[in-house]
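The same chain A turns up in both complexes below, where it pairs with chain B and then with chain C.
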Partner chain A sequence: MRRGQALIDTLRARPWGFAAVIAIALLIANVVARSSFATPSSWPATLATFAPFALAAMASTPQILSGAGNIDISIGPLLNLINIVIVAVLIPHGLGSPWVAVPIALGIGAVVGAINGVLVAGMRFQAVLATLCTLFVLEGVAQKILPNPTTGTASWLAHLGNKVGPIPGALILIVVPFLLWFALGRTAYLRTLFSVGGDDAASFSAGVNVTAVRVIAFTLGGVLAGVAGIALAAATQSGDASQAIQYTLPALAAVAIGGTSLLGGRGSLIGSVAGAAIMFLIQTLLDSLAVSDLWLQVVYGMLLLLAIVFSSMLAAPRAVKARTA
Partner chain B sequence: MTAARAPAAVPPAAPHKAQPAGILLEVHGLAKAFGPTRALRSCTFELRAGEVHAIVGENGSGKSTLVKILAGVHRPDAGEVAIGGRRVRGRPSPRAAQESGVVTVFQEVLVVGPQPVLENVWLGTDGVFARRVPVAEKRRRAEEALGELLVTPPPLDVPAEALSLSDRQACCIARALVRDPRVLILDESTSALDVATRDRLFATIQRLCAQGVGVIFISHRMDEIQELADRVTVLRSGQSVATLGRGDADTGVIVRHMTGEDHLTAGVETVPSRARVRGEALLSTEGLRLHPAAEPIDVEIHGGELVGLAGLEGHGQDAFLQALRGAGANAGRVMAGEEARTEIGSPLEAFRAGVVYVPRDRRAESVFPTLSVLENFSVPTLGSDRRAALVRWRATRRRLGEYVQRLGIRLAHPNQPIVALSGGNQQKVILARWLAARPRVLLLNDPTRGVDLGAKRDLYRVLEQLAGQGVAVVMVSTEVDEHVELMDRVLVFREGSLSRTLSREQLSRTALISAFFGESA
Partner chain C sequence: MSTVGAEARADRAERPSLWVRLGAVQRRFQLFQIIALVALFEWGTWTVTDFATKQSVYSMLVTASFLGLAGAGQTIVVLVGGIDFSIPAFISLGAILMSELTGSHGWAFVPALLVIMAFALVLGAVNGYVSHRFRVPPLVVTLGMASVITGGLLVWTHGQQTGSPPTFLGRLSSVNGTTLGIGIPPVVVIWAVVAIVLGVVLRRTLAGRHVYATGSNPVAAELALVRTRRVWVGAFAASALLAALLGVLIAGYAGAGGTTLGDPYLFEGLAAVIVGGTAFGARGDYWRTVLGALVLTVLSTVLVGKGYSSADQQIIFGILILVVVAGYGRELRLRDRI
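This part shows the complex of A and B:
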């Protein structure tokens, strides 16, 4: 009992911990429901499906951390557009080499993210409105480039979608943002980002360049959307403009489930991955249990709600009412 | 003694080292308007190296605007600022101001709650990516600065939100100290500090001045200004009306310059005593403990009483006030209502029993910054202006009008945003909000914090009136004079227990301060 309390206290200091615990529980449930889930040979495919979603969640995190209600809802269409550019533009035009395609993918992400950042932090438009406009533009561009779904692949994409040596390719892609995050942690940026998100008035008065920090947060999100676009291309080896917004809302939900405050200043990248894992594992669990397609969304939504309630109950400080008369 | 110097008299761009006793900062004809409000009309003064220069003025006299211009938050409409003889040009920003050596501690306690103390102290010193100061040095100097200000400095790794208000403000001051300012601006920074920290800050100010730093000191406490200031510049309606030397700046003279009228009384005179009635018991505690080891507190508070809660910061007076509104006692009972017979278990029950609480931290706990004055006023009492399900705003405006007059609230229009008012006027609106709920017991948490003399006098008058009408007023105050002047009874707290009760006859500065430290005078 006491040890349980100690564990809860440890987790409370790290809000992503609860999401991680629930994700692990769901992982076990998945293995119980379908033992093949634990077979190593199935991992690359499972992870490849998971990676674009996890990366979309990570790509949505820095903007939210930067505070002031900032949010980027154009991440979903952005990563879909980048996927389409790789599959339907770069590869057919002989630019499919990773040395060319990867920088272009990340570059598109950075530019779009920076534009969002300037609109929101520089010109002070409401984040939801500004990035909604970006969302429409990106969706339109994707449809113009690729009116009909198509397939296209390159050997490096195929490897990333399966295995690179012994390692599932998707795992490498998921690790990339963490390396970037770690590198930024060696600079002043991450701490400044959390300060700005925690209290922008205090940060501004102390001399922090709040606008620059926020523009960079959006740019960083865009770069991660580039990684997510590569992951989607690797997983599907095809492009489909109609899938533009499939990741938008789930990615934001994953961030919130992962313990990141939508008010900014509190949260983590790993929480977003854990949040994404929860949502993904509920879906695979329902698949394994052969829940009827007609009920799938309903059950999915309800289980998700349960996960949120559970984690917030654990995270809330216990109401102590010691009124001994 | 006005310090109106022609700008031409300043040696152009002389390096400040060449004139150690010279002028660090010069402000000439500074003006700033926000829409139709002319916050600052014409402000002129100079800051010498090694002096403490106090700026005083009523609420809305332009002090905060002046500070924000000097701190780089606002750009002036007219006039100029020269630092070390060099005119300030270019786009203002807090960063630019700090790089030119002007560092400001604001009235609001500006810490980033979730970030550790260390980050809060060094906030803004790094570039967006570049780290300018090694971590080891950051830790050492943060410890040094906090150690100078606090008897028990907090660990550097705890989040700032875990600290007391006083310690959080100490973080803000430490943030200024580690930047080695040439000009240090303290804007009402002492109002959030406890007594011990304030004394240590004063020692620090004296150390800095001896090193040639110039300090601009803004405070509503005349005792602080008397103790510290070498010169005093008085602002009235956005204009600098006088700069007084130490010898000339007694409270009476300052107040006269502030109000512009000679017949007004000075700050520390006693208010004319009123007929003191003692009505029925309205609030009582039985075996109330603020923490498990504390002595139980049994107190009865009657209608028509003004009760002060005093003590060193964090010694239980806040907690006791919270307990009186049904929040957070460790053990025991609080009773209110008719003959104090209804037990209170929550702030809502307290409110229903006529116990109304006005919090301390205006920014965090009281003001809805996005709403208008009228909306802020009417939040808890909107129901009384209903006809069927619709609100008659005209009735609300009429109700607000009464309090505008009674409290002397200065506002342009009831629908203007509350954040457009000065701090003291915001506080009056908040008080009006709760007075409109017609409380039987009014609990006030340091209501005059950061409020100017004129507004304080208004507030005291209203509290006297309320007591005369049979309301019980219980008030935490950090100002000793306030207790001596106003209260019928002062409860002094020490280490979480009620240590002494001083009646009106026993009240004096010495008696009160001795009681703070557990000695009987």
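This part shows the complex of A and C:
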């Protein structure tokens, strides 16, 4: 009993704790529903489908952490555009080598992210509006580059979509943001980001360059969207401009389910991955149980509601305390 | 050199008072939104042929009515501090239930309308209740609800919608329609009535004050005996109701229901709210959304009229919204908020 309480307290101390527990429970349910889910040979394909979504959720996280209601709804179209640039521009023009394509992908992400950051933090547009405009522009550019869906591949993309040596390629892509995050944790930046997200006026008074911190947060999100674009290219080896917004809102939902406060200052990358895993595993579970296509959306929506309510009830004492404080 | 410096100083001494006065006017009358609207309209009149004809203006008004009605519920929800991404699903709900019940199941119009309103009110209230009771972001709750509703409609119709709505619904949104003999499309009149009612309710009634109190500071509102949960439930229920009724109108306009009928209004409705100048945290009202919907409609009509491809339209649309909003819709500097 004591130990159980200690476990719950440990989980409560970490915003992502309960999301991780629900994700693990869903993973077990998946294995029970279809034993082949646990076979290592099926992992590369499953992870390749999961990676773009998980990375989209991670790419949406730093902007939300930076506070002031900041949010980036252009991540979905951005990663779709980067996928299209790789598949339909770089590869056909002989620039498909990873040494060229990867820096270009990350560069596009960084530039678009930085523009968003300057619009929001520098020019003081509301984040929803600024990134909504970016969303319109990115969708338009994607349509211009690729009016009709196409396919294109390179050997490194095929490897990333399957295996690199013994390791599923998608796993490598998912780990990249964590390495970046860990490296930033060695600098003052992450701590400053959380302080700005928690209370921007206090941080400003303490001498923090709030604008710079926020521009960097948006740029970081853009770079991660670049990684997500590579993951999407690896998973699909095709491009389709009409798919621009498929990841936008689910990625934000994943961030919220992962315990990150949409008000900023509290949350984590691992929570976003756990949140994305919950949403992804609900879908695979429904697939395995052969739920009819018609019912799929109903059950998915209900489970999504249950997951967010359940994880917030488990974390409840914190919410009550915050309310009276 | 010195005279330039003196002039600059004189300028600086004069400017604050002018800006302060303009700011006061802006807060009351949305001067910049109106200037932007007139400027865009003039741009269209001079560069697009037949832009200012009666036919073209009426068709813009009909389009703006749909957009403005889609932004009506969102305005209330944004004012209480939430966001509603289930509006497209409620539009589909209204459209499909109306076309199927009257077209395929032989119901009369009024009972079908009542069923739609009941569904919308209950499901919308659930949105508000769950978000508030469990302190979870409405973004996730409304996304889940949207999925449940769209899925439910697919299950009910077995994936194929066959009915068509009553024909008089189509006349409501016809550009050549008349209202009680006056030559204005009825949907525009409906929009005007909604705008007046919402404008008065938000600004002049107790319920409206509760909306602003809840949105600007929920803790203070609760201490002032505002029942914030009721306000949230009411705001989301109203949003769902308005969206479902819009769905009925759109079904008449399109001649059929469909699960993707509401999708275009997901982001454009939100854009109308924010371009109008309403912001999270109880700043704004429905009049601004009306202006926002008109600005967006005129802008996209000009872009279509100038013959841009749909890709170019989107790019220019995105950039011009920022240019327009730069005039009035920016946040305070951090150093001015301390």
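Brief remarks on what is shown
Convention: the second predicted complex is superposed on the first by the 317 of 325 C-alpha atoms of A that agree within 3 Å, B and C clash if a C-alpha of one lies under 4 Å from a C-alpha of the other, contacts with A are read in each partner's own complex, and residues count from 1 in each chain.
By definition in this document, contacts are C-beta pairs under 8 Å (C-beta built on N, C-alpha and C of every residue); 3 or more make two chains touch, one makes a residue touch a chain.
On a predicted model such as this, the values are computed, not experimentally measured, just so you know.
Touched residues of chain A were counted for both chain B and chain C, and C has more of them. By the touch criterion stated above, A:302 is placed in contact with chain C alone, chain B being left untouched. Once chain A of one complex is fitted onto chain A of the other, the partner contacts of A:208 are limited to chain B, with no touch recorded for chain C.
Contacts of A:178 after superposition: neither chain B nor chain C is touched.
With both structures placed on the common chain, the touch criterion links A:265 to chain B but leaves chain C unconnected. Once both structures are placed on chain A, chain A residues 201, 204-205, 323 are touched by chain B and, in the other complex, by chain C.
Within the complex formed with chain C, the residues of chain A that make contact are 69, 119, 123-126, 128-130, 132-137, 139-141, 143-144, 147, 200-201, 204-205, 210-211, 249-250, 252-253, 256-257, 262, 293-302, 304-305, 308-309, 312-313, 319, 323. Per the touch definition, chain B reaches chain A in the complex via residues 71, 73, 93-95, 98, 104, 106, 108, 110-115, 119-120, 123-132, 175, 329-331, 333. Across the interface of their complex, chain B is touched by residues 187-189, 191-192, 194-195, 198-199, 201-209, 212-213, 216, 265-266, 322-325 of chain A.
Those residues of chain C lying in contact with chain A across their complex are 85, 130, 134-137, 139-141, 143-152, 154-155, 158-159, 219, 267, 270-271, 274-275, 279-280, 309-315, 317-319, 321-322, 325-326, 329-335, 337-338.
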